[in-house]
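There's a structure below that I have some questions on.
Chain lettering (A, B, C and D) follows the sequence in which the chains are written, and residue indices restart at 1 in each chain.
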Amino acid sequence: MPKPRILVSNDDGYFSEGLQALVEAVSPLGEVWVVAPDREQSAASHAISLHRPLRIKEVRERWFAVDGTPTDCAYLAIVHLLKDARPTLMVSGINHGSNLAEDVTYSGTVAAAMEGALLGIPAIAFSLVARGTFDFAPAARFARSIVTTALERPLPPRMLLNVNIPGGVEPEGYSVTRLGRHSYGYSVVEKEDPRGRKYYWIGGSEYQHEDIPGSDCNAVHLGRRVSVTPLHLDLTDHGRLEDLGSWSLPGYARHEPDGA
Amino acid sequence: MPKPRILVSNDDGYFSEGLQALVEAVSPLGEVWVVAPDREQSAASHAISLHRPLRIKEVRERWFAVDGTPTDCAYLAIVHLLKDARPTLMVSGINHGSNLAEDVTYSGTVAAAMEGALLGIPAIAFSLVARGTFDFAPAARFARSIVTTALERPLPPRMLLNVNIPGGVEPEGYSVTRLGRHSYGYSVVEKEDPRGRKYYWIGGSEYQHEDIPGSDCNAVHLGRRVSVTPLHLDLTDHGRLEDLGSWSLPGYARHEPDGA
Amino acid sequence: MPKPRILVSNDDGYFSEGLQALVEAVSPLGEVWVVAPDREQSAASHAISLHRPLRIKEVRERWFAVDGTPTDCAYLAIVHLLKDARPTLMVSGINHGSNLAEDVTYSGTVAAAMEGALLGIPAIAFSLVARGTFDFAPAARFARSIVTTALERPLPPRMLLNVNIPGGVEPEGYSVTRLGRHSYGYSVVEKEDPRGRKYYWIGGSEYQHEDIPGSDCNAVHLGRRVSVTPLHLDLTDHGRLEDLGSWSLPGYARHEPDGA
Amino acid sequence: MPKPRILVSNDDGYFSEGLQALVEAVSPLGEVWVVAPDREQSAASHAISLHRPLRIKEVRERWFAVDGTPTDCAYLAIVHLLKDARPTLMVSGINHGSNLAEDVTYSGTVAAAMEGALLGIPAIAFSLVARGTFDFAPAARFARSIVTTALERPLPPRMLLNVNIPGGVEPEGYSVTRLGRHSYGYSVVEKEDPRGRKYYWIGGSEYQHEDIPGSDCNAVHLGRRVSVTPLHLDLTDHGRLEDLGSWSLPGYARHEPDGA
C-alpha cells in the first residue's frame, strides 16, 4: 500500500520552527509535501489572492514556498501541485500562539486547513498556546498521535479539526471541545512617527476568556489539556432564520425560499 | 431623539461606487460615518493587521480612509474613532460581486461586518451579484428598506446578516435563506513573465452552484430574488462532537470537558 | 500646430493636492496626460516592478492610476499608453516636501522624471520645500513659467531638471544650482508594539545642510529662492578612474578598456 | 590589530545563493556582519522606508534579516546595529544578474552600497552577469581579491565601486570602466487574468548595448572581463549649468547662486 500523502502548510511561513516540528512529527506516517508561505502571514485569515498572480519556488524536493497567503498555499497545492494524487490529509501549523474561540476567524493557520476542507481534503490545524518561549516537542507528539488515528479511519472530506496544545507542560490528556469566547482587551494605541505623523496599533494584551463549560478556552487554560474542536464551514445561523421571517421590509415581498 | 450612528465600510475601498451608493442609501436614516480601506481589499477575508501599524486619514468630516483591511477599518472605527458613542448599526458594501455560499469565508465585505458583530455592533453585509456592469440603484433601495426595518427594532448585538442582491433586475422580493454551495471551477493558470519566470493565477471562471432548496444561491440565481442569510460566529461543528468522542489517541487520555 | 503633449506624474499619488496643482499649472500649455501611482509612493526611488504585473485604471479621460511606483507610471505612460504620440515634456510633482541634495537619490518624484529622461523625454521634477502646511500656488506659478519657457525651445532628450520651491513665501527669483549636502540627523528609533515585539523607525528630524556656495540648499534655505538643478544619469565618478587604475588585484590582470 | 568589520547586504534577500557566496568570499578578511532583506527586493532602487516601521530579526550571531529594502538594511546596520564600531567596508551582492549602464539607477544591490557610501562607509557592489544558471565561484574569487586590496589602503569615505563579473567563464582580467548604455527593448506586455481583467508586465527581453569604448558593457560583453566602475553620488549635470543660465523665465529674476 502506498504511503498516504500528507500536505503541510502554516501561516508563520516556510522557515518557522513550528512548521519544522510538524513535518518531523508526521514524516513517519506518510509522504510529506510542504507548501507554505515564504514569509509570516499571521492573522491573514482566509484571504485569497485573486487579483495578483503568485510565484511558487521549489526549495527542495516536495518543499515549496509561495509568495501568498496560507489559503493560496492550500489552493495551489491541492488544485495544482498535487493534482495527480490528492493528499489524504492536510495539517497546518504548528502555530506560534493560540487559535482559540473567535481566533479561528482571523487565523491563517486555521484558514489553510479550512481551504483544504473546502477542497475536500480532511484537515487539522495545530496551535501551541504559548508566548515568548516555544517548546514544540509536546505539541508535535500530540500531532503525531492524532494524525496516526485520523489516517486509520475513513474521514469525511470536509472534516476540519482545530487543535490547541497548552505550552510549558506535557499535557496528559485532551478534550473534545466547542469554541469559547475570549478577548485580548479592546484597545487602539496611538503613536507618532519620527516625522510627526500619527499611526495606530490594533492593540490589546489583557487576555481573558469567559468561563464556558465545554469550551476550548476552559480545556486549555483551566484544565491544561489539549482541546480538539471540530469546525464546519457553514456559517448559517439557523437559530435566527425564524426571527428574520417575522421582519417586514417596506416595498419588498418576502417569499418562501424556492417557493412561489 | 438623536439620529442613530451608522458605520459604513467595505472591501472595494474608499473610492468605490458601491460604497457611495450605500452611503447615499442610509444617509437619511442616521448619522453616517465611513471608515473604509484606502484601496481595494477584495478577498481579504477576516485578516487583521496585528504586526504592522495603521494610518488613518480623515478625508472629510466623518469620512476616514485606512491603509488596512476591512477588519482593521471596523476595529479602528468601533474601538477608537467612535468609542465615545458606538454605532447602532454597521453596514458593509455594496460589494462589486456576489458573496454567496462559501464566498462568505473569503469575503472582506462580510469580514468587516463580522468584525462589527464580534465587537457587539449588529451588522449587515451587502453584495451585488453582477459582473462587468454594475447598477447599484436597486441594491441601494433594498439596503435602505432593510436598514429602516433593522433600526426600528432592538437587535441582538452579534447579529450578522449577509444580503445578496441580483444584478440587472429590479428584484420584487426577497427570501430568508441559508448558505448554499457553489464553485468557480477549480483551476490554476500557469503563465510565463517576459523574463521567462513562471507565475500562477488562482483561477476558475466556470461558475456553478448546487441546487439546494432554501439556499442563497437558489434564491438569487433561480428566483432572481434578494437573499438574506443570517450568519453566526460560532464555527463549532456540533454534529461531529460525538463522533470525535469515539476516537482513541495513542498515549493520551480523553477527558470530559471541564470534568475529571 | 497641435498642442504639445505633457505627461504628469508624481510620487504622492493620484489623489494628492500637489499633483492637482501641477496639472492646473500646465493645462493651458498643452494636452495633459496624468499617469500616477494609486497611492503614496514617497521615497520609492527609482524602483521598477519587474517581478509583478501592474494594473492600469483609467479614472477619467487622460487620467490613469497605476498600482505601482513612479518609475512604473512613467514607463507605462511613455512605452504603452502614449506610444502613438510620445509626450514633448514630462513633469513630476509637485512633491509635498523638499528634494534637495542627496534626497534626489531617494525621491520618487525625481525618479519618475528620471525615467522620462531615460526614455528620451525631457523632464522636470517639482518639489515644495515645506512641512505641515502646503500652499502650492506659488510653486504652481513657477512651474507654469519654466514649462512655458521649456516648451519654446528644443530640449535635449535626456534633459532632467530638479526644481525646489521654498514654501511659505512668494519667491521673487531663482538660481541655477548644483546639488548640496544635507542630513536629517541619523537616527533609528526603537519601539515596542502592543504585543511586546520591537520595531524600528528610520528617523531623523534634525535637519541641517552644509553651507556650500552655489548649492540648491543654499538657494532655497538661505536665499529663499527657487533652485533649478540640472541632473544627469551618468553616475560614473570620472575623477576616480585614475586612482583605481593604480590598484593591483592579486590574481587578476588589469586591461585598458577595450584594449589588449 | 582587530579584524576589520565588513558589512554585507544585497537585494536578492537573506537566503540567496549570491549572498552566501559573498559572505564566504570575505569571511577570511574580517569580521562579517550580514544585514539583508528578508525577501527578494530586486529593482528596489534606493527606496527607503520612512512611512512604515521595520522589523529586525537576528537569525544567528551577526546575521540579521530586515523586512525592508536594501537601503533600509544598510541604514539600520550602520546607524543602529553597528553604531558602536562602524564597518570598515561594505559589500553588496553578489547579485543574480547584471547591473551595468543605466541599471545602476534601478538596482537594489547598488543602492545598498550607495547608502553605505552616503553614510561614510566605502562600498562595493557585485553583480554576476548571467541568466538562468549562476556559478558564483569565479565572482566570489574576484570579490575576495578586490576586497583584499581595498582593505589594505585608506579609502575615501564616499567611495562607491560597481563591479560586474561575466558569467560562464573564469575571467582572467578586469578593466576600470565608465557606465555604458544599454536597453532590454522597451515593451509592455498586456495580458488578461482568469477573471477578464487586464494587467501589464513591464517587459523587454531583447538586450542590446551601445558600443562605447571604455564602458562597462563593452568590458563585460565584448571583452569577457570584469568591469570596475567608480560611481559618485552627485548627480549634478555640471555641463548643463551654463545653458540653463541662458533661459529666461517670465515673471522671475535669475540670481547668481548665493549672490545678489
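Operating definition for what follows: a residue touches a chain if its C-beta (ideal position, glycine included) is under 8 Å from a C-beta of that chain, and two chains touch if they have at least 3 such contacts.
Everything quoted here is computed from the prediction, not taken from an experiment.
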Which chains are shared contacts of chain C and chain D? A, B
Between A-B and A-C, the pair joined by more C-beta contacts: A-B
Chain whose Cα centroid lies at the greatest distance from that of chain D: B
Taking each chain's centre as the mean position of its Cα atoms, how many Å separate chain A from chain C? 45
Let me have the rounded angstrom distance from the C-alpha centre of chain A over to the C-alpha centre of chain D, please. 41
Between the Cα centroids of chain A and chain B the separation in whole angstrom comes to 20
Which residues of chain C are in contact with two or more other chains? 50-51, 53, 55, 187, 191, 193, 195, 197, 201-202
What does chain B use to touch chain D in their complex? 51-53, 55, 132, 187, 189, 191, 193-196, 201-205
Of all residues in chain B, which touch chain A in the complex? 40, 42-51, 53-56, 71-72, 75-76, 79-80, 102, 104-106, 111, 114, 118-119, 141-142, 145-146, 148-149, 153, 159-161, 171-179, 186-188, 190-191, 197-202, 213-215, 218-219, 222-223, 225-226, 228-241, 244-245, 247-258
Spell out the part of chain B that touches chain C in their complex, as residue ranges. 38-39, 50-51, 53, 67, 193, 195, 197
